[in-house]
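These notes are about the structure you will find just below.
To keep things simple, chains are lettered A, B and C as they appear, and every chain counts its residues starting from 1.
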Amino acid sequence: MNKIFLGLLIFAPVAIIAEFAHVSPSWVFFLAAIAIIPLAKYIGEATEELSVYTGPALGGVLNATFGNATELIIGIFAIQKGLVEVVKASITGSIIGNLLLVLGMAMFFGGWKKKTQTFNKTASMASAATLLLAVIALVVPAIFLQTAPESGSRIIEELSIAVAILMIIVYCAHLWFTLYTHKHLYAAEVGKEEANWSKAKSITILLIATLAVAWVSEILVGSIEPLIAKLGWTELFIGVVVVAIIGNAAEHTSAVTMAIKNKMDLALQVSIGSATQIVMFVAPVLVLVSLFFHDRMNLVFNTFELIAIVLSVLIANLVVEDGESNWLEGLQLMMAYAIMAVAFFFHP
Amino acid sequence: MNKIFLGLLIFAPVAIIAEFAHVSPSWVFFLAAIAIIPLAKYIGEATEELSVYTGPALGGVLNATFGNATELIIGIFAIQKGLVEVVKASITGSIIGNLLLVLGMAMFFGGWKKKTQTFNKTASMASAATLLLAVIALVVPAIFLQTAPESGSRIIEELSIAVAILMIIVYCAHLWFTLYTHKHLYAAEVGKEEANWSKAKSITILLIATLAVAWVSEILVGSIEPLIAKLGWTELFIGVVVVAIIGNAAEHTSAVTMAIKNKMDLALQVSIGSATQIVMFVAPVLVLVSLFFHDRMNLVFNTFELIAIVLSVLIANLVVEDGESNWLEGLQLMMAYAIMAVAFFFHP
Amino acid sequence: MNKIFLGLLIFAPVAIIAEFAHVSPSWVFFLAAIAIIPLAKYIGEATEELSVYTGPALGGVLNATFGNATELIIGIFAIQKGLVEVVKASITGSIIGNLLLVLGMAMFFGGWKKKTQTFNKTASMASAATLLLAVIALVVPAIFLQTAPESGSRIIEELSIAVAILMIIVYCAHLWFTLYTHKHLYAAEVGKEEANWSKAKSITILLIATLAVAWVSEILVGSIEPLIAKLGWTELFIGVVVVAIIGNAAEHTSAVTMAIKNKMDLALQVSIGSATQIVMFVAPVLVLVSLFFHDRMNLVFNTFELIAIVLSVLIANLVVEDGESNWLEGLQLMMAYAIMAVAFFFHP
């Protein structure tokens, strides 16, 4: 597995060269997309190694922060280019992708040969409530705009900022709950006890991989607009399906692997945890960061994205809340994703 | 009980004669409606007898298929007559009728003299997730049309076909789960061990009853349009309340009987299982079958029907998911049905 | 604690004098608002004392009725003044205030130094189902109007009356469940065994406090319109946030106190029970009472209020349904309230 990722690293320089050689945008997009996958994986690995030295608490914070580094970096470049709708679409895609596709595949393959797999209920209920709160945080501004369409974009912006700040507070509180007051629920997470890499090596890899992701992300984002023009796909589809799958490839692999090893608690933390981080941390941070750019990002998602998010959270919560899973539940989540992906593909 | 159904059989020839005698459409509708009830019952009984010979697995498939034979046949005749909205309304009615009225009455009468009744949680969670997936399958096309109203009916049709196929896959997977990988959860279902009828008798009754249902259904559907013109009721009300109650009369009787005998697992399988079959099997099959007719059926339900379905699924899932029921929960479901039926009656 | 409430009683005469002295409406509103808090508290206490003499069953009925006396009285005066939108807004506010702010603070402060707090699951599921039914009762008329906007106000009124009657039936059934058939689940509630006040004293205080609440409420409501004109706040914000907080101040104090004493069952009964009573009893009674006034109240809430109620019920049910709580769940509810309050403040 690790060798594959090592091999994929070659795509990073290839993508950079292709960009300078003015290769067609589809190729640049494709190469950059693949190049991001191993880089994201190495950011993850370096953070994990580092957490052995820092201890679990600080390690958890590092993990939560760098785990979203890729999405954050792609998001910032895209906002800078004015692709605010692509950013929102990729946030939608990350949420539904993690809750339906990643979690679904984990439950399906993990549960294939078993009757049921179990996981900690209290921990999953805490995530479920956070996800529902995220739904509230996204639904309220959207309904606000729908019921008061005459309200200026300034009010929507102020509301978005206020909601973003409240979301970050909840995210920090959830982190505090996970890493401090209720860490016994998440004991399984600690995982690594001995580092394979030295402290210096970990930090170096973390820095290099993050910089490389930044570079490749800029190339990726730069190729989106010509790609849209060429393929005729919509920003919505590229954001929701394509960018989201790339950004979460690493989570995908590890969640399924863990589920097959019957470590469902870890699989849930990766998939649901990832969705939670995107919506409660990456999205509000991007709203605040966008204040420094020309194009502001607000929290008003379009109705179709919003309904997709609401439905994903409802079905994921339903499947998770009894603390058990089986292959059928996994398949149900995957099919929910398929229905949505088809609809996003057809959506004009 | 069985004698009543035997007696009701007389209504089948009476309805057919009334039709040929050009009696007023209200009478034809009424006679045909009653005639269907015992015929549906005999289809059910013959399938059950047959399953003793085929073994539980194939018996389960037979049961699931012929259990919806009535609805499917009525649906096909109605689509042929161009009454696509009545068909959709009767699907809505079957779902909310089974989830609220049938399940509600079962829990109410079953729980009247008892503190609580219990049932298998894992099995009911699997149904709950399937129902929520059904909601997704119906909400996505509707929201698609609302957010992209300019998209042609061709795109909606293609989306409906894609979603219908995915729904049938999930339905088959659920059947596989029920009859094969997790059949231990449904052990209670097997029920009959000794057949009362010979194999030949079972098959004969099954065929005759199915043909009779087909004939009477055609008469019933033919009388709907004149009936609407005469009574001033809407297609929506006839479909949601009247046709749905007729089509589910047999389920109704057996679910309440089982609940009173404290066999809640069976009562749930009949009521929730019936709703699941209608939405995950009958509805998509009708979409696909309608491709051979002049009037196509898509999966876009009107907003009012859709909200009724969503709310029914949410409250049914809430009541079911703790594995216990009592009379109050039954009453709550019945009242939810009453609120909706009143609204459908007033709805223009 | 009790001394504070005793001291606050002075605000009742002060508010009445201020009204007669034609002090500015903001002051009158403020004084009347504070005056209601201790009066509501004394109505509660007198009912509790009285229930020692009447026995728990009749006591429960008294409690449930007089517990909402304040809201009912304010509501009737406001309808009489034609402030129907303020009444609806204050119903919305009571529901989201009790489910998010009161319950959230109880869980937060109650769970601060503990890992988890537990409460009876069957009882909380019964409330959850009642709340979801309330959502159905409010969503159906609203969607009715949206999908049939041409239907006259007469049909909406008839639908509202029908739904209101069904809601009152469910409320009475829930009371019957609580006080009679399943009273063992609520044993903790009985509480008081010995009365501190004589029967006569209890009745006298109950009557005086109720009359005083009526008087002060009329003053409060009378000052709303000039206040709106002066401060520029909307009816929606005053109703949802300001009036609702005043009307529920007593519940607030007692729920948090009980939670800190680890009596979570009582804290839930106060907060969720209060929300249930408002929506299933006060709201429909006001609809029926309004038939005797010039301005009728229907059950069609505006979309923004409705979504706020739906989301509050969903997150409160999610948090409650596992029978456990912790500080994070409390914070999540409080943050959900904060998001909504901010949105209601900005909403035009």
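By definition in this document, contacts are C-beta pairs under 8 Å (C-beta built on N, C-alpha and C of every residue); 3 or more make two chains touch, one makes a residue touch a chain.
Nothing here was measured: the structure is a model prediction, and the numbers come from that model.
Note on subunit B versus subunit C: their Cα superposition corresponds to a rotation of 120 degrees, in steps of 5. Residues touching across the subunit A and subunit B pair largely diverge in numbering: under half of the numbers involved belong to both copies.
Averaging Cα coordinates per chain places subunit A and subunit B 40 Å apart. Annotation for subunit C: residues 321 touch two or more other chains.
On subunit A, the positions that touch subunit C within their shared complex are 121-122, 125-126, 128-130, 132-133, 135-137, 139-141, 143-144, 146-148, 150-151, 155, 158-159, 162-163, 166, 169-170, 173-174, 177, 181-182, 317, 321.
Those residues of subunit A lying in contact with subunit B across their complex are 115-116, 302-304, 307-308, 311, 314-315, 318-319, 321-322, 324, 326-329, 331-332, 335-336, 338-340, 342-343, 346-348.
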